[in-house]
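Listed after this line are the structures, all set down as structure tokens.
In the two assemblies presented below, chain A is common to both, partnered first by chain B and then by chain C.
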Partner chain A sequence: MRRFYRKVPRKNSTNKHQNSINTQHTQNDINGIQQEINVQQCQCNPQFQQNQKAQHIQGTRNNLNNENVGSQHSQDYQHTQSSIQSNQNIQFQQSIQCQCHLKNHQLQNQTQTQNHNQSQDNVQSQNQKTSQNQSPSLKQNGNANSNATQTNNQNVSMEIHVPIYKKMNNNIEFIRRLLGNPDDLVIRELTLETFNDNHENEQGDCPSSRSGHDDGNLPIQTLSDPENNDSKINQLNIIDERPLEKAKQKKQKIHCSILYLSGLSNTNIINDNILKTLQRKTNEFNGDILDQIYQEIIAVTETKRVNTLEQVVHALLSGRSIFLIDGKMTALDMGTAGSEKRALDEPQSEALIRGPRLAFIESIETNLTLIRRELKDPNLRFKMHEVGRRSKQKIAVCYVEGIVNPDILDEVNRRLKTIDIDFAPDSGVIEQWIEDSFLSPFPQLLDTERPDRVSYNLMQGKVAILVDGSPFALIAPISFVDAFLTIEDFSQRWIIATSMRLLRYFSMFIALFLPGLYVALISFHPGMLPTQLTISIAATREGGPLPAIVEVLLMAVTFEILQEASIRLPKVIGQTVGIVGGIVIGDVAVSAGIVGPALVIVTSLTAMSSFTIPNYSMSIGLRILRFIFVIAASIFGLYGIILVLIMICIHIVNLKSMGTPYSGPFAPYFIDALKNTFIRAPIMTLKKRPPYLEPIDDQKVNSGGQRQ
Partner chain B sequence: MNRSPDYQGIVSDRDILITVITNIIGVLTLTSPRVVAEVTNSSDGWITVLLGGIIASLCGWFIAKIASSFPNQSFLTYTSYLLSKPVAIVMTLIFSLQFFMTTVFYVRELAALSHQYLFDHTPQEIISLTFLFVVIYAVSGSQAGIFRLNVLFFPILVVGLFLVIFLSIGLIDWEGFLPLFQTDFEGYLKGTYFSVVNMLGFAIVFFYIGLVKNPRNTPKMTAYGVLVTMGFNLVIYLVCVGVFGNTTMRNMFFPTFDLSRTVEIPGGFFERFDAFLFLFWTIIFFTTATMALDVTVMTLRMVFRNFKKINAVIMLSPIIYFTSMVPKSYLDVVSFNRLLGHFTIIYFLLVTILLGIAFKIKGGNSSE
Partner chain C sequence: MNKLNAMLILVMCTLILAACWDQIEIEERAFIFGMAIDAADKTEVKLTQQLVVPENMATVAANAGGGGKAYRNLSSTGKTIYEINLDLAKQASRSIDSTHLGVILVSEDIMKQPGRFKEHFDVFFREKRMRRGIKLAVTNGLAEDLLYVEAEHEKIPAEYIKNLLENKKRLDVTDLVRIGDIDEKLYEETSFPLPYLKKISSTVIDYEGIAIYNGKEERMVGVLKGDDAKALSYIRGLKNNGSINTEIDGGPMTIEILTIKRKITLTNNDPNNLQFSIKIQIKGAIADQSGWENLKEYEVLNKFYKKTSEKIEEMVKNTINKLQNDFQTDAMGLGEYLNRYYPKIWKEVQDEWDNGKNYFSKSDIDCEVKIVIEEPGSINKTTSK
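Then we have the complex of A and B:
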């Protein structure tokens, strides 16, 4: 894992270069916007200078500008950092990057024309600083690298601070261009009336935007410090003239807009709880308009303020809606996400007769709710991660604090943080990133679509991982036997449940060994079978042209093809496959004299046995191993089978699942755990959690017969 | 050898108990009824097996006591402390040689056994080679893995032995036991000697106690392990005598294995039970050979610290293979085994006495 992890920065720095060179297109686009903005800002200044409040404004302007300078540089710096960290959308990186390049040049011009001698020096010095900051990261010096990896460890979802522009139209234009002017981006513009004047707003904004920058890393502060000093001098002049401003309050029209992506958002909420309440608002606004809207008007519980365009875009893409106000550098991010979901359904791959019939769906929120609904424990924890550079999927690590072994939990979290992919289509991708051995045929994390199974395993002291967009939860750490247990074992009385378990283990052995045994007994040790049986089998194979190994492989591969085909085919045609496969191929192959009837029994029994394994991943793993047994048996007979069996055992004892031995309760012999793995002892006697997990609280609460 | 903290305490007392049992039960369990029967009359061999077992368990308890006085220290470390560094190095190397030879013997023995009972045509070289590959694969893994493997195979071993014993009980001719105490003193002495040789597999505790988390109970566990094995051997011996009689047994090569050939499983599905039992014996041989090779690698790496485990295994494996192919006939293998047995017990006694005396004088240093 570590190795992959180190590679990331290098790749990205080259990416960045390529992007900056190759995609002149987007650069130009965004340069355009930037120039516009800068021109506007430059034009603004003379106008304000004629005003009474000129100095005040200029002060804040300068302050802002300078801060922008600072922030731009810090962006620059951060950008290099973040590009190393590479959590960002590449397009977004480009935009910010060109913005930064542009700004560096423009700012020098700007400052020269405005004759800000002091700040010019500062800017230049900052440019130097920036270039200094940039160059080592480009050269991939160890310093920058380690720095980046450190931050990456701490904070997976790194944010770039592109502050929201003052002009609302600029923001909208920026978002539009960034998203490629999509049709489903809905922008509803509104006009509100207020008593408040602009300057108060600006004043109100400044601290917030500044604090936004202060939230960032230390280098930003040091970069923008000189600017702050500069602006403080200007602010001193302003204070004297404040009374004059307050007197100049007048009615003003303020433009604002609601943005969301249709389809991702719940339009009803937006219409009823945001738009309607805004339109119904009769009395005018006083004081901070944004604050008032936030406090009094927006009727959405999950609402927060955001300061950067990156957050805005991310919110939009997550289905939330954005409320922008002209002249404000803060936007409201409202939780209106509500796209279409699949209805809750029965589990498709883990059906059972007796037990809850509920399965996870693709939405992680619903899945977490399903777990919480089963476990009303205040110690139930969901730790969220984000994965996918482009998909930004949520991953939830579920565990029960006080039961789970903290070492296992740390290990799970650590591994999840190393994941670096564009998009995880299913939890299976996550599973392969974080599993211990990628060479093993066995699943090292258990996948299940049953919430009750997740809850049960959480109670055992295990950790569950849910991935947004996947109806399969992952459970870790597991042992070999976990794949053979179903939740139904606990629903039936213990004698029956134990028999079922033993039957399942027995059928596992059949699924693994039977074809191999057939080959070994037919070709190597015919004397081991009763004479009558040997003769009758030999008689049926009399005319067969093929040796036993070829026969077996032929039938086994045929069966695999049938199985694969029946998965891919639509359900309507699925039955046809059953007829074609079961009757035609089986019967006709025998009557055509290609294979013996005994082999058809062997093949079908093997197939049926492999379906008794409740976990599909384990079942397909064993299917592969079956072929190895067949081949070994064709070379060495029984001896070959036993050698392969020993090798699989060696593999299992050396395999680990999240650092705990995969041979689980069997090999580090915990008799207590055997009660609930090999057999299923009466539920009253199952008082302990599996000891190989070393849970903190190893005693189950068990007062007899309750579902755990 | 300075172990990193990861390697400390990977083994529990119970693992030692199981490992001692799986390690002692091996090729010699197959042949020991014959060896004992050769020097005793009638069914008197049980006395020698019992005596041998008790002596062995006392020895086991004693060496485990010495070794467990030095928790989490390797054999080389505490031997250097008790005796001196050069002596300790020589001792360790001789142990490596001994366990190396044990591995060689098992690799060859399995081929011989399979040749006799399972395949007539398959070349022995191939059988040995494949077996050696599996052993190498096991040893290349972690030591904790080897212990888990022992524990995993333990039930298989017990089930196999019980099957052999219980299915043959119906065939016992009780008159075969009868004239008791017919053997002379020399016969008892020799029988006991062979029984002790048979049980010497517990010598591995010298090396594995360094891995035990809390070796307070380990001496007791070692002694139990030896006693349990002695119980198995005793019952197997008695059943063999009962089924075959003393005279027949003297002329059988692997009486224990031949026992399974006489057995008929009710139900009549399997005509020949011995081929299936051969699978059990493959596993039993495998565990013993794996432990032997692991100890070889471990002792070598005590002396040559910079040797990587995987390199040591890869370098040793061809030597093991070629050495195992040196004996031309099976008789050579048998005489080789007899020599190895004599050498093992003499060397073991020497080391035990030396360490025991030094331990009495210097005492343990449990605080490192």
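Then we have the complex of A and C:
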């Protein structure tokens, strides 16, 4: 069985933990622990769809201890158990994938049922208490699962709720099979010596594993909980005394192993801080071996106990390593993640002349560090989400508590929770899931690869979203003017920064309107051009084969092709293409008489202007709009341009970013905030955070920069 | 549903009523640069249009046709200008575009016949594609002839004439050449000056003087030339630069005029004998003088002032005399002054201001010229004594 799938409608995902606690551990004095594992059956494969009716019972009862079986069951459970047998047989015939794995258990199951019948009478009385407790939960599971099967066949998620087997080899086998026996899975087996006998081990193990189950997925808390520790020590004391009374201390060899995926983990840490310390351990173990290893041996700070194979596999895939001990149902999950990552580099798409030259990389941990390094505010918060049903990527929502408007924060978190995808290759996917209007050409979240820009925006009372695997952070909410702002505006003196901004807006207008204006003026309103210009354009167009609109579209599309090609091509060839394209556009097209020289100026000016916009997403959006303007101009002339402009204005004032108005401080009019829009007023006068975001703390500076 | 339909209709209207049929590519238009209006006979006029041939205009090396003429004159006769225009469109083969029309020339003949100018010019004020910046000039002889004058530096005669009319370096010109301004004057029936052009040779046109149009009589009454034209500019307070020549101690002297300010005041209320006083203040610089006096001395300068102001005063008085007696037309803007500052008096006199009873001719116009030389020039003396 390669994968365990469970059909769960999305609403039921909160029941996950309830469902997973189908395992019962009870203590029998001599027989040791009896395990019941309720394995959620796989239903994702199309083969199984025929099976749906037969699948209302989900559990397979496996006993992985080949020794004695003592079990306790409620009446319900027995009933289901017997019906499983028949269902399973059908499944085995139909499912090739299942067969390989479950064949092993078929025999076991048969013996188990026999044993179970025999031992039932003995055990039942002892375990009545527990079984009464368990029956309702089992019932609940049965209902939940049957609901699940009925409701939803298409939503498939990968969730494994298998507790760690007692036998280490079973665990390893399980992990191997689940991962498809990968070559990069490293398993280092060791043998440790201990004085404890098996019996004691179980004694020691039980409380911790139980408490692990009770607390769901918070094993660390269990460890740090002083009361739990106390009780454990007490139990250990009792246990230690008993064998002494028996006056027999058995020296025992215990198998254990370290598992990790090479490439994802930092082998230096594993070798130096785990393996070496383990090998140098001279004195022998006594007491709870797992606890001792956790306390004394493993020199990795980020270590926790895990109880399910799901957690184990997730840890392995995240690059952490796993310490398994034979006979223990708890494993150690050690934070040795440290795969290869790109070195910190200069921002590629947002270069500045003056300002920090640091960009995000693909690792979210590094990215968060970069932000933390800039903002040493204790109120800086990173709220983590997980996205991607298969990729399980981390998403961090960054904000500064006490500045950000909680409503905006809630909205961001709410939207992030709705994301339901397999894999998000970049933060752009997240952006599209949570943006307000998917039809708009304007970006409603700002993407940036600059940590300083993120910090600046956090200080503005905005929220940043970082996605694992993406060097682009998202900033929300934004307004239209934010896309025209660079961090360098604040590095330069205000007069220069203001003129730079005005230049950027001016070139935005050029990028948007110039080709459209060209078409409108040439085809409709030559009277609006200066006389000499009219004549010289008319002269160059004399005998030209194409009408203005076709000419403009031809050149614009040629340029777009060039631009797209230069992105795809390797850098070395890219230059060549640039030259060839330049010659084609600039020279040959004119001398061949296909287009006029005036149009070349228009095209190149438009192209250059669109690159002055600091935000690439905005720049692309405007590029699309430019074509709309050209087409409108070709049909209606200047009138058409004005019509489209009006439509765009209406769209912008209607647009929201995370529920806040996109038209910035203009449409809801905040005169004070205008100081940082088209102009950039002197730094000392920028005292407030954007008022339309309603930040809790709206004062950036109190004294206006004048120190007392 | 009705609302939706209404909305749809409105939206469709905005889209359909505006037109792709306005779309004419720039190379398919024939731009008119100049027009000449001549009298064909008593009622008909002859209209000559100067169309541009952009190919031969080209300044871009790639397309330089160079060889042919950069213009093409079409003419036709008819009753009204609009009608002739449609007639010419048949000859032109391209759609005629008057948005770049620069100059309209009208022959003396038409201007001198009462009412004809006004009659034919209505189309230029009424037609929506006409610009208010079109320049207007009166020609000596046939207006059509001027559109064939090929100056060496301009490829299109109309461009040459247009630039000529924009000259700001002389005083014997007038500022009132835009058709938009003339529209106002015609409406108010006031008199105004117009540029007066004359063809000298096949390549040269001269800005000969200022034609005076009488608004009440609806005709041109005469031409001021030379010093008279300059004097009119002093009286009107023209913003142009210019010069004035005098003689001092037997030698010639030229003073460059920098600014002119004039102030009109009315000293009495009797409509039958209005008394105006015109104060003209001139700032100038010595451009050229043959004397050897030290220009820093007050007496010397004073002598200069006296001489020049006397000269200008004489010129101005001559001109006023001419306007009052020969032309009997107020081209000085006194009527406008009365209209603004003494509307009651103006109401009394306006109907017969410069015709009929002609209050303008009956009024006394006194003139006082004051000149200040601001810059004696870079040198003080030409020769040491």
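What we mean here is this: the second predicted complex is superposed on the first by the 504 of 708 C-alpha atoms of A that agree within 3 Å, B and C clash if a C-alpha of one lies under 4 Å from a C-alpha of the other, contacts with A are read in each partner's own complex, and residues count from 1 in each chain.
Criterion: a residue touches a chain if its C-beta (ideal position, glycine included) is under 8 Å from a C-beta of that chain, and two chains touch if they have at least 3 such contacts.
Just so we're clear, the structure is a prediction, and the values are computed from it rather than from any experiment.
Visitor: Label the relationship between chain B and chain C on chain A in the superposed model as either fit or clash.
Guide: Aligned on chain A, chain C clashes with chain B.
Visitor: Between chain B and chain C, whom does A:L562 touch in the aligned arrangement: first, second, both, or neither?
Guide: neither
Visitor: If you stack the two complexes on chain A, which partner ends up touching A:S663: first (chain B), second (chain C), both, or neither?
Guide: In the superposed model, A:S663 contacts chain B only, not chain C.
Visitor: Mind working out whether A:L554 is in touch with chain B, chain C, both or neither, as first, second, both or neither?
Guide: A:L554 sits against neither chain B nor chain C.
Visitor: Scan A:N654 for contacts with chain B and chain C and give back first, second, both or neither.
Guide: The answer is first: A:N654 touches chain B but not chain C.
Visitor: Please indicate which partner A:P597 is in contact with in the superposed arrangement: first for chain B, second for chain C, both, or neither.
Guide: second
Visitor: Considering only the touch criterion stated at the top, classify A:V580 as touching first (chain B), second (chain C), both, or neither.
Guide: neither
Visitor: Just chain B (first), just chain C (second), both, or neither: which does A:A538 touch?
Guide: Touch partner of A:A538: chain C, not chain B.
Visitor: Have a look at where A:L317 lands relative to chain B and chain C in the superposition and call it first, second, both or neither.
Guide: In the superposition, A:L317 touches no partner, neither chain B nor chain C.
Visitor: Have a look at where A:L643 lands relative to chain B and chain C in the superposition and call it first, second, both or neither.
Guide: both
Visitor: Touching chain B in one complex and chain C in the other: list those residues of chain A.
Guide: Overlap of chain B and chain C footprints on chain A: residues 524, 527-528, 531, 636-637, 639-640, 643.
Visitor: Which positions of chain C touch chain A when the two form their complex?
Guide: Touch residues, chain C against chain A: 14-15, 18-20, 22-27, 29, 31, 33, 52, 54-55, 57-60, 62-63, 97, 99-100, 102, 129, 131.
Visitor: Quick check: in the complex, which residue numbers of chain A touch chain B?
Guide: Counting only chain A, the residues touching chain B are 524-525, 527-531, 533, 636-643, 646-647, 649-650, 652-654, 661, 663, 666-669.
Visitor: Under the definition above, what is the set of chain B residues touching chain A in their complex?
Guide: My answer: residues 12, 14-15, 18, 114, 118-119, 122, 127, 130-131, 134, 137-138, 141-142, 144-146, 148-149, 151-153, 268-272, 275-276, 278-279, 282-283, 286.
Visitor: Which of the residues in chain A come into contact with chain C in the complex?
Guide: Within the complex, chain A contacts chain C at residues 522-524, 526-528, 531, 534-544, 547-548, 590-591, 597, 634-637, 639-640, 643.
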